[in-house]
Every structure is written in C-alpha cells, then in structure tokens.
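Take this structure first; my questions come after.
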Amino acid sequence: MDFGILSIIIFLPMFVAFTTLILPFGAKGTRNAAFLTSIVIFALVSSVYYNFELTGFLQFREHYTWISSYGINYSLGIDGFSLIILMLIATLIPSAYLWLWEGRTKGYWISMLLIQTGITGTLFSQDLILFYFFWEAMLLPVFMIIGMFGTGNRVFSTIKVTVFTIMGSLFMLISILYLGVSFFNEYGFWSFSLNDIVQINNLTRTEEIWLFFGFMIAFAIKIPLFPFHTWLLQTYSNSPTGGVFLLSSIMAKLGVYGIVRFVMPIFPELYKEFAPIFVWIGIFGLIYFGIAAMMQVNIKKMFAYSSASHLGFIVTGIFSLNVFGMTGAAFLIIAHAMATGGLFLLVGKMEYDLGIKAIPALGGIAKKAPIFTVFFGIMLLCIVGLPGTNGFVSEFLIILGAFGFSPTAGIVSAFTVLIAASFMLWMFQRAILSDSGNDVSKMTDLNKKEILGMLPLAFLIIAMGIYPDWFFYKIEPTIQHYLLDILQIRN
Amino acid sequence: MDNFLLAWIVLVPLLSSLILGTMYLYSIKVTKIPNIVFSMFALTAPFISFVLGVSFFFRLLENSDVIIYRAYKWLSVDGYDIDMGFMADQLSIFMVLFITFVGGLIHIYASGYMKDDDGYGKFFFYFNLFLASMLLLVLANSPIIMFIGWEGVGVCSYLLISYYYQDSENVKAGNKAFIANRVGDLGFIIAMITMFYYAGSNGFDYINLELGMANVPVEVLSFIGLALLIGAIGKSAQIPLFVWLPDAMAGPTPVSALIHAATMVTAGVYMVARFHFLYDMIPNVGLFIAYIGAFSALFAAIIATKQTDIKKILAYSTMSQLGYMFIAVGLGGYSAGIFHVFTHAFFKALLFMGAGAVIVALHHEQNIFKMGGMRRKTPLVYFTMLIATLAIAGIPPFAGFFSKDEILLTAFGSGEYFIWIIGVITAVLTAYYMFRLLFVVFHGSNYKENRELHSLSKNMTMPLVILAIGSILAGFIGVPLLLGGQNYIGIWLEILNSKALHVEHSIELYLMGLNILAAVIGLLIAYKKFFNYDMSKVPEYTGLIWNKFYIDEIYDRIFVDKLKKLSIFISYKLDINFIDKIVMGISNGFIRSGNVVARLQSANTRMYAFSMLMGISVISTYLIIVMR
Amino acid sequence: MADLLLSYIALAMILFSIGFLGIISRKNIFIVYMSIELMLNAVNLIFVALGRYNESMEPQVMAMIIIAIAAAEAAVFLSLIVVLYRNKKSLNSDIFNVLKQKDTANG
Amino acid sequence: MVDIIFLGLAIFAIGGGFGMILFSQPMHSAISLIVTLISLGGIFALLSAPFLFMVQIILYAGAIITLLLFIIMFLNIRDDELPDEPNKNITIIIGAILLIPFNILILKAFNTFPEKSMNILGKDFGSIHSFGMELFNKWLVPFELISMLLLASLVGAVVYARKDKNRDG
Amino acid sequence: MIDFIYVLPLFFVGLGAISLMIVSTFKSVTIRKGSITTLVFLSMAFISNLYNLNTGDEVYSHYPFIDIFNKMIIVDTYASYFSTILILGAILTILIGIHYFEKHKEFTVEFFSLFLFSVFGMMLLVHANELISAFVALEIASISLYVMIGFEKVISKRIEASYRYLVLGSLAGVFFLLGTSFVYGATGTTTIGTIGDMSLNTFATNMNLLIIGGTMILITFLFKIAAFPFQNWAIDVYSGAPLPVTAYMAATFKAAIFGFVLRLFIVDFDLIRDFWDDALVYVIILTLAYGSFLAIIQKSLKRMLVASSIVHTGYLLIAFTSISALGESGASSIIFYLVAYFLSAVGAFGLIAYISSDDHLRITYDDFRGFAKIRPYMAAMLSIFMLSLAGIPSTIGFIGKFYIFTGAIEAGNTILAVVGIIATFISVYYYFKLIAIMYFYRSAEMTNVPPLKGVAPVVIAFIALAIIWGGVGNTLVAYFPGVDLLIDMAKLSYESLFVG
C-alpha cells in the first residue's frame, strides 16, 4: 500500500492534526507543527508542479479499491486546472498561518489542518463518491472554526451556512447516486469513477437536466451564485479570520472547480446548452453584488459581496465556452483568492486590533499603519482589476471570453471595471485613508511575520500581472483538452 | 541594436519609484532617510529617460523606421500572442521627449515645493510611478500594454490627488478622478476587446491591427471608435467626463502641473492620434470628436471666467485647451493636435508652477482675490507667468499662438466653420480669463499689506525660467510656411497625417489675424475690468457659471444617488427581506409544521389509538379500491 | 346461518370493532384493558371458525395459545393498573399526560 | 335450532360487548364482558371446539376476569373517582363510521369463500385428546415459549406489584 | 447434538433469564453482580452464535430438532447475523447502561432478568419460522420491555410510557393475530416458507385474504417500528423510558422486528409485496415528514433523538420498498443501515445516559452549552454520533444512507430518494445544533457530569471508532473487517433465506 505523493499531500495535515490532538501539544506546538506541515506540503506541491507534464490529461493517478461492492474507489489525479488551485492552496496556507500566528487555540490549528486535508482531497478526487466524501468532510472543520472562534451571532450563522451547504451537496449526492445506478444499469457493474461515469449514455434528456441541476445547486450554493448567496453575508461577517480566509479564497473556488471537473465532462451537451443561462447569471451576480456592496457598512460584508461579485464573474468565464474565458476564470480564481484572502487577513487584523467592522467607525488607519495600508492597497487594486496586477489579466480574459460568447455579454461584463472600483475605493477612503476622528490608536502596523506572510501574495499579484504567461503555460493544455475533447468546441 | 533601451525608458522611473517606495517605508518605520537621498533617486530618473529618449530621437532622425522591442511574451492564449512590446516611432518618441523633459522640470520644482512635507519620499515614489506609467502608455506597441500604462496613470493620479489623504475631501477628489477615468476605461476595454475579436487575428500590436482593420465592417469600426473615444474623453476630461478635473486640484501643485501639463490629460489626445488609422476610416466619428472638443473648449472657458480659485481657473483652462486638441485630432489634424499638446505642456506647466509658487509664497492661499500685487513681491514669477499667459492666450510669437492657429486653420480648412467659430470665441475667452488671473494676482492692490512671504527656493524658480524660455521658443518648431517658417512638427509626424488641407494663403493670413485679434480683445476686456482691481471687494459670484452649470449636482442626482439607493435597496431590503426570507421561510415552514405536528403528540392514549384507527381506515379503503 | 363461515367472521368483526371502539372512546383504564381482551377473543373466534371450516385442529391450538398470551398480558396489565392507580390516584387515562409535547419552537 | 342458538349467543356476545364499552362502572363492564366471553365459549362449542369451550369458561371467564374483578374491588374505586366521559358516545359513532371500510374489506374477502357445512363434528375433533396430540406433536415450540412468556410476565407483575423499597411516600 | 449447538445461543440467553429471575430474590445479588451475570450469559450466547454465524462464505439454513420443533425455529446465516446484532446490542446496552443502573436506585436484579427475557424474545423472533411462534416471541420481548420501561415506577413518565406502550402495543398485536388468522384462512398454514408455496397454489379469491392478512401483519410491523400513521406512541414511550432502555428499543428492538419482517416478506410475501410498495411510498413520505418536523422543534435531546428515530424508520422503509425490485442489495442495505443506525443510536443514547446518570435532570440542548469545554472527549464522541446519524461522510451513517438511496434509485423510486435526502437535510439542522451548542459556547452550563472513567465511556469510545471505521474503513488495512465485510455478510445472510 504505497501512498503516492497526492495521498501524502492530502493526509499529512490530517495525520499531524490527530498526532497533535492526541499528544500533549500546546497551542504553540500545534501551530508550529501546522506551519511546518504547510511548508512541507508546499515543497511537495512544488515538486508536483515541476514534474507536471504539459498535457491536458490527468496525472499522478492513484487508484485503490475502497468499497468494492459498489465500485467506490480511492482514485486521485490532477490536471492543469487542479494544479493551479493546488499551487494556490499551497501558497496561501503558509501565508495565512503566519498571519494567524498569535492568539489562537489548539482547536483552531487542528481545524485548519483538517480543512487543508478536506480541500486537497476534494481537489484530487476522481471518484464521485470520494469527491462527495471530501466535499462534506471539508465542511466540518469549517463549521467548527466559524462556530467556535467567530463573532456575533455565530451559532445561528454557522448552522445556517452548514444546513444550506449540506442541502446543496445532498442534491448533488442524489445526482451522483443516480449516475452510479445508471452506469450500473448500462454496463452491469458498479462504478462511481469519473472516467466511467462520463461514458453513460442511457440517460434521457429530462433525467440529465435534473441531474445537471442537482450538481449545479450544490456548486451554486458553495460559490455562491445568485440567488443562493444569502448565507454568505452573515457567515463572512461572523467568521474568524482563518475561516473567512479559507471560505472566500479557497472553498468558494472549489465550487467552480467542481463545475469544471464534474459537471462539464458528465453533461457536456447540457453544459453547452445552459451556458447562456449561467453566463448571464454570472454577469447579473457581478453587477448585483457589486451594487449591493456599495452601501454596505460592515466591511466584511462588503467584501463578502465583492467576493460574490467576482465569483459570478468566474462563473461567466467558465461557461463562456472558449479558451479565453476559461483561462481567465482559472486566472481569476488565483487572483481573487490572493487578493480577497489577503484582504480578509488584513481586515481580520484590523478587527482583531480594533474590534470594529463598521466602515464609518474606522478611518485614519493609513497614518497609523502605513505598511498595512500598502498591502491593503495592492490587494484592493487587484480586486479592482488594475493592469499590472493579475486581477486585470483575468478580468480582461474573461471579458474577452464573454465577448466571444456573445458580444452583448462581453460589453455588459466589462462593467466590472467600474463596479469594483467604485465601492472599493470609497471604502478605502472612509475606512483606511481619511481621518474621521475615530479612535484607532490601538491599530498596530504589521510585524515581521505578517509582512513575510503577505509578501508572497503581493508579489504574486504583481508578478502575475506583469508576466502572466509564465503562470499560464501549465494550464492551457488542460483548457484546450476541455474544449476540444470534452465539450468538442472549436472556436 | 540597443532596442532594449526602449524598455529602460520606462524601467528607469519604475525602478526609481520602487526604490523610493521601499526607502520611504524604511524611513518611516526604521530610521529617517534625509530628503536629499530621495531627491537623488527621484530626479535622476526622468533625466535618464530623457537622455534615452533623445538617443532614440536621433536614431529615428537617421532612419525613420519604427523601432520595436519585444521584451517577453506577456500572454499567449489559444494561439494569440500578446507581447510586452515597446514601440518607438515619431509620435511616441516625440511624446517621450517632452514628457520626460517637462516631467523632469516638474520634479525639480517639486523637490522644492515638497521639501517640508513628511511624505517627501512617498511623493516621489508616486511621481516616478506616474511617469513610468505615462511612458509605458506612450511607448506601448499594443493597445493592451498601453492600457496597463493608461490605468497606471489613472491610479497614480488617484494616489497623487488624494495625497493629503487625511482629509476626506481630497480622497473623494481622488476617487472621483479614478472613477471618471474608469468610465473611460470601460470604453477603452470594450473597444479593445472588440478590436481583438474583429481585427486581432494576426496579432494585437498596432501594426497588425492596422492591417486587420481593413476588413472590418464600418459599423464595427465606428463602434470601436466611439468606445475608444469614451476612454479618451475620460482621460482628457472632456464633456461629459470632465468633472474630476477641477477637483483634482486637491493634490499638491506639482501634481496638478504634471497631470495637466505634460502627462495624463494628453493621453486621450495621444490615443486618438495613435489610432489615427482607425479614425481615418471613420470620419464621422472624428467629426464627433471635434464637436466634443469644441464644446468642451467653450464650456470650460465660460466656467473659467467666473472662478476665483487660481488652480481651478487653470484646470478649466486645461480642459479648454484639450478641447482644442480634440478639435484637431478629430478633424484629422493630428500633427496640429500633438503640436498643441507640446506647446501646452510648456506653458501650462509654467502656469501651474507659477501659481504654485504664488500659493506657497502666500502660505497656501488659493483665492486670486486674496492675492494681489504679487508683481513686486515675486517679479520672477510674474514675468514667467506673463510669458505663459501670453502663450496660452495665443499672442505671437509665443508658443500657443502657432499651435492654436494651426488648429483653427484645420477646423476652417475642413469646412467645419461652426467648430471654427467656437474655437475663435474660446480664444477670446481664454485671453480674457487668463489675463483676468494675471491682473488680479499680480497687478491688483495688495490684499493685505506687509504680510510676510514664504521664500521660494531655487529649485522652484529655476524650472520656471527654463519653461518660460520653452514657452517662448516651443512654437517655432511649427511655424507655418506662410510666415516663412518650416513646420518641423508636421514633417516629423507626417506618418499620421493623411488629410491634406487646402486653404488659400490669403485666407490663412486673415485667419491668423483674426486669432490675434481675438486674443487681444480678450486681453483688453480683462484689462478694463481687472487691471488695478480693487482687492478690498472680493466679488461674490453666484449663478449658473459659478456653479459650473450644476453638472456635479446633476451627476449626483442622476447616477450616484440612484445607485446608492439601489445599493441600499439590494443589500438591506431585497437580500434580507426577500431572498433570505424565502430561504428562512422554508426553515420556518419546517418549524411551523413541527409545531403543528407537536399538537398531535398530546400524550393521550385514546387519541393515539384513534389516529391508528384512522390509519387503518385509510389503508382499508385503499385495499378495497385496489382489490377490485 | 350457523352454517356460514361468514356469519362467524361477521360476529368476530363486530366484537373486534367494539373492542377497538372501547379503546378509542373510554378513559377508564379497566375498560381499555377489557376492550383488548375482547379483541383477542374476536380473533380467537375467527381462528376457531376457520378451524372448523378447514376441519383442522391447528387453529384451536393457536386460539389456546392466544388465550395464554392474553393471560400473560393480563398479569402485567393488571399489575400496571395497580401501579398507575397508586401513582396517579386515578383511572382516567386522559390525565396521564406528563409526556405531552410541551416544547415548541418559534420560527 | 343451531341457527337460533348461534343467533342467541351472538346477540348476547354483541350485547355484552356493547355493555362493556357503554357502562361507566368498570364492575358492570366486567360483568358484561363475562357475558360476552361465555357466549363466545358457547359459539366455540358450536364450532366443534369443546376443549376450547372449557378453557374459555374456566380460564378466561373464570380466572382472568375474576382476577380483573378482584383488582377492581381491591382498588375500591368510588363513583366520583370515575373519569368524566362526556364525548364517549360521539367518539364511538365516529369510530364506528371509520371502522366501516375495515369491516367491509374483511367481510368482502371472506364472502368469496365457498359455502361449506359448519355442523358440529363428532368424534375426536376438538376433544382433549386430539387437541393434545396436535399441541405436543406440532405446536410444542409456541407452547413451551408460552412458559417463557408467562415467566417474563410473572417477573413483570412482581416488579410492578411489590411495594417500593425506597419510596418515601 | 449438532442441533443443540444451533440453539445454544437461545438456550444461554433463556437460561440466563431464568437464573437471574431466581437469584433476584437474594438480597446479596447487587446490580453490579447482576449485570456481570447478564454479560456472562450474553457473552456465552455471543460466542456460540459466532460459531453459528460461520463467518466464511458458506451459507446454510437449518431447522434444529425438526421432529420436535416442527420447522418452527430456523437457524440460518440470516438469523445468526441478526442474532449477532441483537446480542451485541444487548451487551452494549448493559455495558453503557451499567453506570446508569447503579446510580438509579429503583433498578433491581429483576431488571436484568427481564432484559434477558427480552433478548431471548428478540432472538427468537429472528429465528422464528412460524407466525404464532413469532407472535409469542414478540410478546415475550414486548412484555419484558413494557416492564423495563416502567421499572422505575415512582417516576410518572416511566409508568405512563409503560401504560401507553402496553395498550397500543397490545392493540397492534391484535392486528398481528388477526392477520395471522387471515393468512391461515387463505393458505391453511402459518409456517413461513409454506405460506408462499400455498399462496401459489390457492386460487385467486383467497389471494385477497392473504393480502389483507399480510396488511394486518404489516400494520403491526409499522406500529412497532413507529412508521406513519402508527408513530404517535414512539416519542412518548421512548422519551418516557430510561435512557439505556430507549437506546435498546430504538436500536436493538427495531433490528429484531426488521429481522423477522424481512424474512416474512422476502420469503413469503415476495410475490405480492409489490402490492404494498405503492402505498408504502406515502407511508414513507409521511413518516419522514412527521419525524423530521417533530425532531426539528424539540428542545430535549432525548426527544429529538427519539423523533429522529422515526426518520430513520423512514429510511429503512425506503430500503424495504426497493427489495421487490432489487432483492439482495435492497435487503442487505436494510441490514447494513440497521447496523449503522444501531451503532449511532446506541452510542448517542448511551452517552447521554451516562452523562445524565448522576442527576436525573431533563437533558435539553441548552444543558449542553459549552459541553466541549468540560468534557472534550465526550463532546467529540457525541459529535461523531450526531454526524453518523446525519449521514455525513466518514461515518458509517453515510455509507448506510448511500446504500439505501442508491437502492431506491436503482429500484426506480427516485422520488423516495429525493424525499429521503430532504429529510436528511432537515436532520442536519437538529443534529448539528447539538454540536454547535456543545462547541460554540464558551462557558459551560452543565455541572455534575460524571468523569470519563469506568467501562461505559470505553465502550462508547469503541462504538465511536467503529462508526468512523465503518465510514472510511476498507481493504487498505489487510485482514481487518471493513465496510465490505459487513456488506458481504448482509448479502450472505440474504442468500441463506433461500437455501432451506
């Protein structure tokens, strides 16, 4: 039973979590272990990255039987799309750990480690049940971390988000089971492996539509797409920094990933057929959430809306059915994860120091904490989509993609450049820059660890904006594979 | 060859700005770094760029072929390659030359102006970043790289305008500038993407785009042209996106000088010139540009006549002059437009720096009616300002005369007499409000006698002199043939001009005279009203013009308020009371059903038996029905 | 009439129904108990009638077993009645409602 | 003749049943139940089950109901302790209506049985001997299990009936 | 002699019951001694039963003492499998409840006697091959349970619960007898296996009577597992009963009932079972709805678990309907789910019993505020049980639900799967609420919680581990039974139904 590198990446954090749980580690010891783990994983992921071949097919496959009677396998693999998200996770998590360095309990770190296991597991799974397994398993530590360490009406909002997400995923489960049964009926043996499931062709159109939406509901809630977004505000607002960081920068992206990984190959025809709906839902969300964010007083809720707005845009990208849109979406996943993640870390620090979330109660931070402000500014400009940051590259590509899909969609989606800028800068003015006479004397500037944690993000945001191609070449074959082989589109 | 040096024109200020930024953070966090160190890094950058620019200028003189340097492949998607490429042709190098030159002078001036400011290093960090962005904008070889510079300029202007960020008004002004620019960027990006799809199949640099455009239907071209125009309007503060420009005066005066004189605002003009191959194919759109320019020119000039803030007057004058440039480029007179950009850079920089000097001298007083009598206190500033005023008013032989004359000639020669008339009227107004400013500030009786003036350092006065000389001489590179001169600029930029003007010499002479007459009329009216103005009476301005035609208020009412209301509606009403209510309604429905069900749990044995009876009854009925 | 299986069945069903009605209508726990006994007897009647109809002894044995079961139940039931009466000082089954669902949630 | 006996027994059985559920005094109900049980015993006899007839009379009517009567008297319930039952009749009516489909269903199913003589069988049928043969040859398991059941109920009855040792009153 | 080995488990349990009954008269026998004796007998039964189970892949079916027992008792893989579950459930109940019984003064050694009687009845039920014997077995189990529920007879709710269960249970029992009489009338036999054969031979008119008889038996069955519309008693009785007894009833008794009914319906009513499937769809939907709605409003934890057991009944019935289409996999999914639910419920009830054994307080959600702070391991275990009950992946509950829903879809009852999923999603609310309350409050409300020592917590911890193992276990760890083994066993036991 030799585990491959992907298994190690998945289970190392869990192993560390349980070891520290059982052994008498303190909060500090657990934290150090967690940080060390994240660094080791970064190294492992880097080796995966360098050994990754430039094809659009799955690599680093691992395959073991799990429950043989129902053909459920422990089946892993990555392609270019997973790879970039993997890189993202591996980069973000050590950074985040540096930020969460002080004042967290042991339970917090253990939860973080478990979340990491859940996330990577979800990312690697090539078996539908295994995917569902990790997909739900990922939720539990998040549930714990929000509920235990959050603020405000955290118990209610935690239960709300959990029930909401599980509702979505249960519909997905039904769809998965239905697919498994259909496969069994057609081929006479059980399998939930993605490779097998895609070969089903005995489904009627009505069935397919139901199943398609079964999957889409799960992902739409996770992302979240309009109108499944109402859990977002309270959750983001009440979450502790680590929780909201992971939720916004990684887990929401996994919803998009799920669409690409599963919905697209299983229902290629419907994917194409319903693409206009989702492109427009995405664009609608982009504008709707953007407008909603403008007058939001709670800074975390504003970011929640902003996040939803961008995720709508990502969805537009992946449904645009061309290389530009999809590559752009992949890129925006990274860009947005870094920028939003960074912003939530920064806001988390602000909340930690000052205990304030309301924008009118802030102000004058820039004077107190210039380095903080510099990083805040970089992240913000990335969100705004300023050229020179990766935010621009991705937005540009998605707009291109949307335009390729339909010129109207392209033109409407271009409004993204206006929307994010308007509320972000206004917030920046009120919360950070102008001195509004509020007492912010408790605000401290970043310490060395925090700077160290934020630097990779800021560096990547800019580096990917200035030299995007260097970050692109690994993913493009995958996207081409999606379009040519799976969706069979040549644009 | 040494094409890579092209990239260094941009890189030098960029690197300098990065060093400055890091140093600044270091200095506020760890130990203070003396200003002189900052100055060293800050001031060398534009001059290195200038020198590099000059070297390329000479290369182009020798060989007029376009110099292109592709640094690396910026993006490669689906077979489309976009390079991080730089292109030096006559237009871009010309722009580089005066941007770096004027920019450099403003740097020097700023080092004096800002010397007591805490954020000295930060200021130059922004400044050099701004310069780098502007140079990238100019030197880019494809629209998308240009867009990087374009946006960089926007964000730097935001940073500079809101430089005194503690005051929320300043930041608001910065925001306004950025948002208005973003509206323009929206147009730009739409245009870019449309271009990409329709004309970008061979490549996305200007040369390939020009080739690609040939097959594109004219409607699409018009669409692209209009969308691009929105970008240009936003950046160059034309109707209707000009609102940010007056507010942008919130920044330090060198910022105003830099933004208004040589860089940012001229980007719009540059862009139209850069896309001349597009606009040549769609003359109707060009005409539209010209009209926008004409109306902007007149509109700004009218507002300027009633302003009291010295910087705002200059700001409106900028807008007005940009209107002239738009008239020119819209009508295909690209070289005339660029010529005016060039001369304008000198005298407008000079005006702002002079105004800045006065402001500094008077301890940051900006109302012209509270100045007065500065002629004796600061004679150097007075003389340089006088030269600049003469130049902007279009009095020969100062720089502005030649360029403005050429623009009006273009308008007349194109047969757009209406535009031409507006141009002439604007010229009268320009002379009027500029001399009004000059007379009130420098000639009027002293507002407060015996007040102590802040001394002006050499750093501030030296650039004034250089620019004054420039304002006198700059026009001579484009002296019309009629006056026996040689229109060097027209020759240099001949790649742009496709339109031949046919205006008879006699008419041209009349026109020239008319222009001079217009300037003189303006001058005289101003002289009559404001020479030796009694400064004890600060005029109370009210009314439409003083309130800038209520444009800001109208925008607030139409867009901002509505948007805010919509936002509040969505985030506090729709989401909470409707969408979330549906979601929570489902769960409340469950709970309510639970309460109903709970009533059945009465702990009454008979009732339980009764419910069993009912169940059995139903089952029996079912069986009776299904069993024949 | 006595020749017909159906008449025995009908009688049994009537008794069965009466027993059922007793359970749903009476509060007195004694009568509830008696109703159950009546229902068991009704079932017995069906068994015996079927036994006669099939001419088989088996149902009679079953009926016998059912009587024994009824006896066992009786022992427990009657002792429970005693306990209940001691505990509650009442024979009214309707007041045995400490287990009533009291919690309700507000939505 | 048999018909008349059957009819009489049936009427007594039904009347006893109704009496049982209608009397408010448990004592009266119990006596009504005895009437029913004895009538049923008679019907058992009509159905060639003499052994069961005996068992019914002796064990059921004799033992179980006597036990019941004993308990009733033991508890010595006064009239005012009896529960107030105002809705008794209406519940019975509603219940009866609800039971109609159930009865119809079953009677309909039995209605299809072919007609067959139900006369009293002579000889061995239903006698103790044949009953015993049947019981011990075929039905030993349930019969033995009954002993376990009775043991269990014995323990139960003991548990319930004994005085609580640590009851404070 | 071999026959005797087959009935040895039954024999041990019955012997234990009787011996405990006898020794209960002695004062010197304490609760502890009584429980240990019980465990000894149960262990013996368990070991002998393991022999019967014969864990190889051999399937067998045997009628012990066929000339005396007359095919009324059957010993096959199926029955042995269920017996294993039942004995295990009994052992676990005693182990978990031992602390509770010791703390609650009312319990005496008779309780263990009754307990063994009920185990005996249940085992007999799954071994029964004849309807009347089955009824007697059912009555043995039920009567013991009636008394066990009301054992603490000073407490009103216990005695009331006992009364309610006794009245309604007897009422339901009468329907079983009625059904048996109809089945006899239709086929002339009450022996399982023969009924089916006879039903093929008899003419169509009696078929109706057979169906009615089956329906009446089904009514009893629905009553005992608390399905709609016979579910009202469950919440009262379960919540009125002492917690270990509740656990025992909810998990073990339900398994026994299913053990018998599956046999009956698979072997005999196979041909006519689809007749009920349509009606069962409504029953299932209403059961799920009723249980979910009831559970969602509970404030008492015990009542919530009880109400949710109605929901789990609904899930089991979903699998029940898919048997007619699927046969083996449908039945094995029921069996597997029974194990899954059994582990989770025993764990949850047992742990709550342990927690509340020192003070006799009503255990509400709010009592658990901040529970994780004072008893982190207990909170973790309780969370595992809740997750398993909610069917979250990595627990055995998920695998159980997976089988059931897959089966439902495979059988074409997608609508049931969807309804089941909706019920699951509602259940997430009330299960997660407990986890939330335990972990998310920073100060603890509960005092007087027994410390983590003694046998009960260890057993509960083992159950928790078993739940996790059941959720993730596989063949990676060689020679250790994983999920697959349980499934295979369930399938083998299903096959054994057709061997005899």
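Lettered A, B, C, D and E in written order, each chain numbered from 1.
Note that contacts are C-beta pairs under 8 Å (C-beta built on N, C-alpha and C of every residue); 3 or more make two chains touch, one makes a residue touch a chain.
It should be emphasised that the depicted structure is a prediction, and the values quoted were computed from it without experimental measurement.
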| item | value |
| --- | --- |
| Each chain counted as touching chain A and chain E at once | B |
| Contact-connected components, chain B excluded, all else fixed in place | one piece |
| Contact-richer chain pair (by C-beta pairs counted) among B-D and B-C | B-C |
| Chain occupying the middle, per Cα centroid | A |
| Of all other chains, the one whose Cα centre sits farthest from chain D | B |
| Farthest chain (mean CA position) relative to chain C | B |
| Centre-to-centre distance between chain D and chain A (centres being mean Cα positions), rounded to whole Å | 71 |
| Chain A and chain B, separation of their C-alpha mean positions in angstrom | 37 |
| Mean-CA-position distance for chain E and chain D (Å) | 32 |
| Approximate Å spacing (C-alpha centroids) for the pair chain C, chain E | 26 |
| Shared interface positions of chain E, touching two or more other chains | 132, 136, 139, 143, 146-147, 150, 153-154, 160, 163-164, 167, 171, 182, 185, 208, 212, 235-236, 294, 296-297, 429 |
| Residues of chain C engaged with two or more neighbouring chains | 19-20, 23-27, 32, 53, 58, 62, 65, 69, 72-73, 76, 80, 83, 93-94, 96-99, 101, 103-105 |
| Multi-partner residues of chain D (each touching 2 or more other chains) | 91, 95, 99, 102, 105-106, 108-110, 113, 138-139, 142, 146, 149, 152-153, 156, 160 |
| Inter-chain touch pairs (all) | A-B, A-E, B-C, B-D, B-E, C-D, C-E, D-E |
| Parts of chain B lying in touch with chain D, wherever the complex brings them together | 606, 610, 613-614, 616-617, 620-621, 623-624, 627 |
| In the complex, chain E residues that touch chain B | 160, 163-164, 167-168, 171-172, 175, 208, 211-212, 215, 219, 223, 228-230, 232-233, 235-236, 275, 279, 289-290, 292-297, 426, 429 |
| Chain A - residues contacting chain B, complex | 163-164, 227, 229-231, 233, 288, 291-296, 301, 305, 322-324, 327, 363-364, 366-367, 370-371, 374, 381, 386-388, 392-393, 396-397, 399-400, 403-404, 407, 410-411, 414-415, 417-418, 421-422, 425-426, 428-430, 433-436, 445, 466-469, 472-473, 476, 480, 491 |
| Chain B-touching residues of chain D, taken from the complex the two chains share | 91, 95, 98-99, 101-102, 104-105, 108-109 |
| In the complex with chain E, residue positions of chain B that touch it | 587, 590-591, 593-598, 600-601, 603, 605, 607-609, 611-612, 614-616, 618-619, 622-623, 626-627 |
